[in-house]
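Chain lettering (A, B and C) follows the sequence in which the chains are written, and residue indices restart at 1 in each chain.
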Amino acid sequence: MTEVLTAGAPLVGLFVTCLVDLIRPSIGFAAIKLLEDAGARVEVPLAQTCCGQPAFNSGDRADAQAIARQVVDVFEGFDYVVAPSGSCAGMLKLHYPKLLADDPAYAERAKALAEKSFELTRFLVDVLYVEGVDATYAARVAYHESCSSLRETGSSWAARRLLQSIRGIDLVELPDSEACCGFGGTFSVKYSGISSAIGEAKARTIAATEASCVVSCDLGCLMQIAGKLSRDGKKVQARHIAELLANMIEAAPIGGERIQP
Amino acid sequence: MSGSQANRKKVLESIRTTLGANAPDKWREANVRHRLVTHPSGTIPARSLGNREAGLALFSGMLASQGAEVTRVRDPEGVVKAIAAYLAKHELPSELRLSEEPVLVTLPWLLAPKLTQTYGEPSASDAIGLSRAIAGVAETGTLFLVSGAGNPTSLNFLPETHIVMVDEGDVVGCYEEAWGRLRALYGEGTLPRTVNWISGPSRTADIEQTIISGAHGPKRLFVVILDERSP
Amino acid sequence: MTTLGSDFKANAAKALADAELQRALLNVKRGFVQKRVDAKARLPEFDTLRDEARAIKLHTLSHLDLYLDYFERKVADSGGQVHFAPTAADAREIILKLCRDADAKLVTKGKSMVSEEIGLNACLEEAGIEAVETDLGEYIAQMRNEAPSHLIAPIIHLNKETIAEDFRRSHEGLAADRTLGSAADLVAEARAVLRQKFLAADVGITGANLLIAETGSSVVVTNEGNADLTQTLPKMHIVIASIEKLVPTLEDACTILRLLARSATGQEITTYTTFATGPRREGDADGPSAYHVVLLDNGRSEMLGGSFNDMLSCIRCGACLNHCPVYATIGGHAYGSLYVGPMGAVLTPALVGIDHARDLPNASSLCGRCEDVCPVRIPLPSMLRAWRERDFARDNPKFREKTALKLWAYAAKRPRLYHALSGAAVKLLALLAGRSGKLSWLPFAGAWTRNRDLPAPEGETFHQLYAKRTQE
């Protein structure tokens, strides 16, 4: 892997996210490509595991705080922290400062981290001034706006802007695009019947657009959606937005049949 | 201490304790007094701030879109003729129950000899009620009606058809202006027993979200705006 | 409060399998959501008014004792009487005594969630007083001995055929050949039957959407006009309202009224908005000769100034229900609580304790749409999390979930251990999935795989692959 060092290039710490790490590393590599193409230097600290959402959303404040401190420690030295995920970026940006507000050793540092933490597409457009990507995807693509990228990281405009720059893309909006897909992290297994029913509604909406591909900023949503589409026998492929933007579409789609090398 | 006094004490003390307000606090009290006395308005929607004609047009338009029929007439004769015409058009009875508002009582009823008038509290069999609105609010096509001597509130609800007369000069832009007029009439911090805001005929959507008129209140609302300004 | 059984998951499963209910719930999703969008588009000042409404509510709550005191005096000035009720039992006792003093045989009721919270109807019936709901939806729910399933659309879960059957069963004077095929027929039938009740009632009991301190007034909004007939015709009008319904002034009421109908049904304003102040005055043509306001606490005073203070700002519009993906799939009854949807998930544990309602705040994807649409900007997702924290800290939450989480957190705080374990796990899962790239079944993962396929991992973790690549 060649590194292009530009004088003054911002140093970005990639927050891989646990789902990308475990389920689909190709998203992480796509993110690195996009960031480097846009002129950033990217490093991936090894001492990262998770943003702590599972603990935070389960009411386990103590563990959420412990993980948050770890993240603050690990990512302190970077100019920016970028995650290919609205929910993880949202965790760092919105929830860490509140989680660590009463900890004098971490309160200010958490605020500082929050200010320099971004979801990937928002970062590319608003900080690195990327106006378009060098990619081709000549097909109908439905954009699923994850709740966190909509409400926590404000990535609506950036994500769509970048998608629209893909050559050949036929980008379609989903009816009631602000509706949740039902993933919700641990909710998807704790209340699986309800989560599944919500996902069913979203899967139907996607299939009805006759898109051949659905993209989103969040892998969790895509796992839910792909899992539902697949169980329903629908042919729609699911990919992370980074994969399309980075023109890295050779791998099998999420939950799709493996392509033998 | 009586049961009710004990209850009162319990609730208020619980509130004060939770708020940490057990000691008298002149700043808290001043805050409350100030708001009550100055009753500041919030943001008034721009649509309420138009000129007179715009206001009347908005008032009529909103009421019409909310299921009422609206007409504007130039004189008391016009009021009577409009009412007669409305009742004939909809094949409604000609027996009217009116509130005892002088402006209604003194209408030139002789111009419509087929109509009969009775006054005061309606009975269950009265089909047509006629009241006067003390104000109209353009913002949402809302009529202000008040209870009083000769103004039975039940007249606004029991008859199947409700006719309301309002003077053009009483149609204001926003609710706050109407409250200002009521304060001038009744005094600060005082209201009559009932102030009805009425913005259309009675309706319900409880059954399969289908809108049906005449769920308990009037099925029809007819608004006559009396505009006596020179032509 | 009427609870419908505490097995949330079983109730939810039943609701998901109920085809009729699912069809009816589509009305909620399609109808109300678009109507609010349209109403907001017609009022450019909408979001500014939300900020102002929030400020009004929070100001009132932080001065609630003073405003309640002033309200009481103004009610007395206009000839009415205020009664404080610390608990539901106190409220029932007060209202029962008032009805007995009025020698009431028949009571008509305007829609009031608080009256259901205190179990008023059952109390009156036991005392031999007939209590008739007059809001059409509540009337039908009462007929079916059911709780309402939505804050403002009580029978959204029923179709008209079911209602027609209910009428035939309950309306004694109903001729067998009378058609009840359309919604209009049903409304006409209900109108005729309830008209008799309105006229015969001794006491009318309403709730209040707002109470106004400045004038000592209660405010009720309806589209039907039933609350007006309820509060005007009988000789006594009783208002039952919870303490947080209070706002300071007529202007403050206007700000909130500009948001209420728009947030609830997308209407600019409800057909009827009625301000009641005291009993009839001397010389009035009609009206009740007695006016009583019963102010219910029932746990609300304890919420003030704490983590759930802002929940008391709620104006009961139902927008959060209409936009909630969980409500949209399971409907109101599955919550097993009077207050449902996101606002119910926050309020119910505050009123009955988290140990009796733990599923409510947990059964949420935390999508945040509720907070987006709340007219008074209540931070509902934060409060749901706050309840989860309290639930987690209890001695007896679900043992398996807590253990699993603790194990996971142990690893997550130790990156090297975590990477080693996860590396092994994803390799295994990828092997199991084989070429298909997905798993339709996995031991211990039934919760996911029952209704969905599980996309398989690529086989190595990002950190493993990154380490390899950076060595090249």
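Just so it is clear, a residue touches a chain if its C-beta (ideal position, glycine included) is under 8 Å from a C-beta of that chain, and two chains touch if they have at least 3 such contacts.
Bear in mind that the values here come from a model prediction, so they are computed numbers and not experimental data.
Enquirer: Can you pull out the chain pair that has more C-beta pairs in contact than any other?
Expert: Pair with the most C-beta pairs in contact: B-C.
Enquirer: Give me the ID of the chain with the smallest distance between its Cα centroid and the all-protein Cα centroid.
Expert: C
Enquirer: Counting in whole Å, what is the centre-to-centre distance of chain A and chain C, each centre being its mean C-alpha position?
Expert: Averaging C-alpha atoms per chain gives centres 34 Å apart.
Enquirer: On a C-alpha centroid basis, what's the spacing between chain A and chain B, in Å?
Expert: The computed centroid separation for chain A versus chain B comes out at 54 Å.
Enquirer: Please report how many Å separate the Cα centroid of chain B from that of chain C, as a whole number.
Expert: 29
Enquirer: Show which residues of chain C lie in contact with chain A when the two form their complex.
Expert: 9, 12-13, 16, 29, 33, 325-326, 328-330, 362-369, 372, 385, 387-393, 401, 405-406, 408-409, 411-413, 415, 418-419, 422, 425-426, 434-438, 440, 445, 447-448, 450-458, 460-463, 465-467, 469-470, 472
Enquirer: Under the definition above, what is the set of chain B residues touching chain C in their complex?
Expert: 4, 7-8, 10-12, 14-16, 18-21, 28-29, 31-32, 35-36, 39-43, 45-46, 62, 66, 99-100, 120-121, 124, 140-142, 147-154, 156-158, 174-176, 179, 189-210, 212, 214-218
Enquirer: Could you list, by residue number, the parts of chain A that touch chain C in their complex?
Expert: Residue positions touching the partner: 1, 16, 18, 20-26, 28-29, 44, 46-50, 52, 54-61, 63, 66-67, 70, 147, 151-152, 176, 178-180, 182-185, 187-201, 222-224, 226-228, 230-231, 238, 251-252, 254-258, 260.
Enquirer: What does chain C use to touch chain B in their complex?
Expert: It is residues 24, 27, 31, 43-45, 48-49, 52-53, 56, 59, 62-70, 72, 74, 77-78, 83-86, 90, 94, 134-137, 140, 153-156, 158-160, 163, 183-184, 186-188, 190-191, 194-195, 198-199, 213-215, 217, 223-226, 228-229, 232-233, 243, 248-252, 254-255, 257-258, 265, 268-281, 283-287, 295, 297, 301-306 of chain C that touch chain B.
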